[in-house]
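Heads up, the next two complexes both have chain A, just with different partners, chain B and then chain C.
The block that comes next holds the complex of A and B.
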């Protein structure tokens, strides 16, 4: 089966992930019931004339993409594939409020232009002068997963180097409204959140980009061996069966998985199936989680993938992520089991290479 | 794994009809669906024309047979068109085979969000509208409406969205990841998109005139269209009937400007060229082109140059059908895929309405009346913001 070798990574999140040395040593707490991404000074990544007009999602995406490309040491890619649940929400909201506040008058097009969901991917294409394949996936908790599925197919179709990324931004208004809709709860502490008994997530944002290569090179950090999405699985037993088949397809069993990163979101309803699954995971693998560090958003699985690459690189599981008491003896295979709203589930398998 | 992929079911709702038979009737009678704005709430309703679906949300809810208040116009029309395509194909999503739904949209739930957004800051009544704002919502509504769907995803690449959904569907079948897939796009009209295009100053206040020297812009439309795609293996196994074969597809990027097309249509030329290469057809083997042809000065000129770059002085018969439906954004490519299959099946080229004078720089003249002629191959183009250029090639099955 075709693998994708990860040759460069870039991540902007509520943590200091933009610093390539950062490895979960210092953790920024949530702002109560939500997280904001820590944005870098963009000047070193984006030309000032472009920067002036860009919305936050575009800036975060272009910068993270740039970091991944620099690390991979490449100048061109054969495809750009982005995933985002809400797209450039800040620009969408700005244009929407301008329409509503001024009764459809005195409007300027900039925020409308930038509100289009594929803006980040096309801005990167413009900057890189990339005339190749350019797709944007916008399906909730499958947005980022779809980019990887697509890239794996493109490798089989002959492409060699592909930039993929997940991008999400929120706005102060969006946080306020979702809080009023009782979607959030305060994060009690920055410790793993697999035992929630109450509803509510910590809404967040961030972006993570990856340069994928069809072949292993001296830059390769890890490989993505496979990915599968599950839409509305009925029971946790269902998920476990599908997981075992997924691993079998890749010649593995659950006990081969050194670390399993699980997408607990702190909401008891959404986390229920993962809670039921946890004993089986802990029995055969080492369980860990990540959303108490990055928060919950449509493309949080991109942060999880960035984390998986780091675990493989550093060969250690930071205590702040660990659910299980036992530590992995080595980190060869990492499995991500993400879930979004208890509806969109996914498995992503990464390996040392 | 199937190497050949076929369209086996069609579903469509737009300004020219609530289903495929009604749409075919309008097309074959050269009857446009574009007219006065009735359903969209906008201060400009008497100043502009639009291609609206002729049904209220209440009437759509009755057709869908679902009064769930969470449903919005985007979901209603997506569900109707997707269901029509599935019924038309004769597939049974409960038979244990792997079924996917790949949809696309640009506006998603914005049409409802814009009605309640300000009120949400004052009152709690409509906060749940936020849950249906995103692009994935209508796709999951389709999946649940059809039942037993294994795979869902959604694409948003502006006005080429549905072409890319069709392309992805074909690829997933060829890679053996799905047995059949319902693919297409949906965009209901909203104040948001209407004002967006208006501020870009690319709306014509009269009927749009694609490829005319004096064209002034596009008319917005709304609609949803889906097709069922199956591989040869699955199709043969159930002894189903192919309506057309998808023999070529490609996506390329203009990488010129966020909204405008390059003057020479570089991205479009690449997309057409790559789709042709994949199909194994020479340019002279294309019988008809269903153009993107929005009616904006920029698009039609750029697309004309791309067409000339590929076809030289032997440009096939061509037309834009956007003067029938309006520009339906994410749904445009799937609406035009349905129209292309109707053209293949009925040996008919549907006319490019409202055309009188050729563009001086290119001199290209579209078909302006209904043409009855055998058609074997059709090229369909769709281009979107962000330089996103997609071309599809359909072949008579």
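The block that comes next holds the complex of A and C.
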């Protein structure tokens, strides 16, 4: 399958990733058992008449998309593909609350229009005047991965430049309800995220966008060589076998991978297979993690991909991400092994170009 | 009438999320659409709901909207004429 070259990146997360100079030097801790994204001043990216109707997910997505497009130095794309687990949750909640509070009367159109999952992609398209392919994947923990798979297939069909992104937002009510269901826990200061023995994640939100190009250009930061999803693998051995086959497909073995970013979520119920996999990864590669920095959400793999690009660009693994003292001598290949709720697993291979 | 206009300013700012606009900046005689506040067709729907929710006024004929929503003053006059202020 065709590979994709990443020519621009934009990321809004609980960290200062909006700042292109930031590289895991200062870390914002979780707010107890959840993270909030650090949002920029949106006036720099979005016209005020559009801004007033947008919920947070839309604003985050449009701003991150804008940053990626600016970095790539382009004005047009051939396709816009977004992925989201929950979509524009704030507007969905607002519309549903209005139905309840007003006894199904006096319903206004704005929050309904803005609540649909494809609003982010469509708003970017309207702003860019892009009338081409526009698609939004709502595939739970595979939502972002699906955008990459689709982009790679579109390149085979002749598209040249594609904007892809993952978007997630949470609301105070969402945090309250999940907390009641005991889905969260505070990050344990004495137990690293890859050794968790207790259930609960740090719920989070954020967005990361990428301008992908079919061909390498002088703007290319890294390449996406391949992606594979695994639904409910039975054992960690199963994951390892699939991983070796995936790498073989790309002419690599595990020891060729300079850094492996692993999606430990701090919930022992979901991390067990990755915990079992870790010794094999550490034996042949350098293992690292990212969800203690970005938190857990359906499209956290988009943050992981942004991190992988930065690692390739900077050629160093920040201590805060490292699982052991082992440091990579170079960073040519980065592998992401993401998992969401122990159900959705994915491998994404990125390389220096 | 002035009190009703002031009340409407606050309600419109809230309903249309015009966070950047201060009530004193809204000229009651300026057009609401196109120029002036620069509202659009989605805002028109929001204003129809506003009249129904806050004043119990249901606009039966959509053609009337053009006259009613010409400016803040015409909106206030319409509310008065319906005896709902």
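Quick note on the criterion: the second predicted complex is superposed on the first by the 348 of 353 C-alpha atoms of A that agree within 3 Å, B and C clash if a C-alpha of one lies under 4 Å from a C-alpha of the other, contacts with A are read in each partner's own complex, and residues count from 1 in each chain.
Basically, a contact is a pair of C-beta atoms (placed from the backbone, for glycine too) under 8 Å apart; a residue touches a chain by one contact, two chains touch by 3 or more.
Keep in mind that this is a model prediction, so the values were computed, not measured.
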item: Side-by-side fit of chain B and chain C on chain A, or clash; value: fit
item: Greater chain A contact set [chain C / chain B]; value: B
item: Chain B versus chain C as contact partner of A:330, first or second or both or neither; value: neither
item: Contacts of A:136 with chain B and chain C, given as first, second, both or neither; value: first
item: Touched partner set for A:216, first chain B, second chain C, both or neither; value: neither
item: Contacts of A:49 with chain B and chain C, given as first, second, both or neither; value: second
item: Which of chain B and chain C A:314 touches, first, second, both or neither; value: neither
item: Chain B versus chain C as contact partner of A:107, first or second or both or neither; value: both
item: Distance of closest approach, chain C and chain B, by C-alpha atoms in Å; value: 8
item: Footprint overlap on chain A, where chain B in one structure and chain C in the other make contact; value: 105, 107-109, 113
item: Residues of chain A touching chain B in the complex; value: 80, 85-87, 92, 95-97, 99-100, 103-105, 107-109, 112-119, 121-123, 125-126, 128-140, 142-143, 146, 149-150, 153, 156-157, 173-174, 176-178, 180-181, 229, 231, 298, 343
item: Residue numbers on chain A that touch chain C, as the complex places them; value: 48-49, 52-53, 102, 105-110, 113
item: Residue ranges of chain B touching chain A (in the complex, touch as defined); value: 42-44, 105-106, 108, 110, 113-114, 117-118, 120-121, 124, 127-128, 130, 133-136, 139-140, 143, 149-158, 164, 168, 171-172, 175, 177, 191-192, 195-196, 198-200, 251-259, 266-267, 270, 384-388
item: Residues of chain C defined as touching chain A within the complex; value: 15-20, 38, 42, 45-46, 49, 52-53
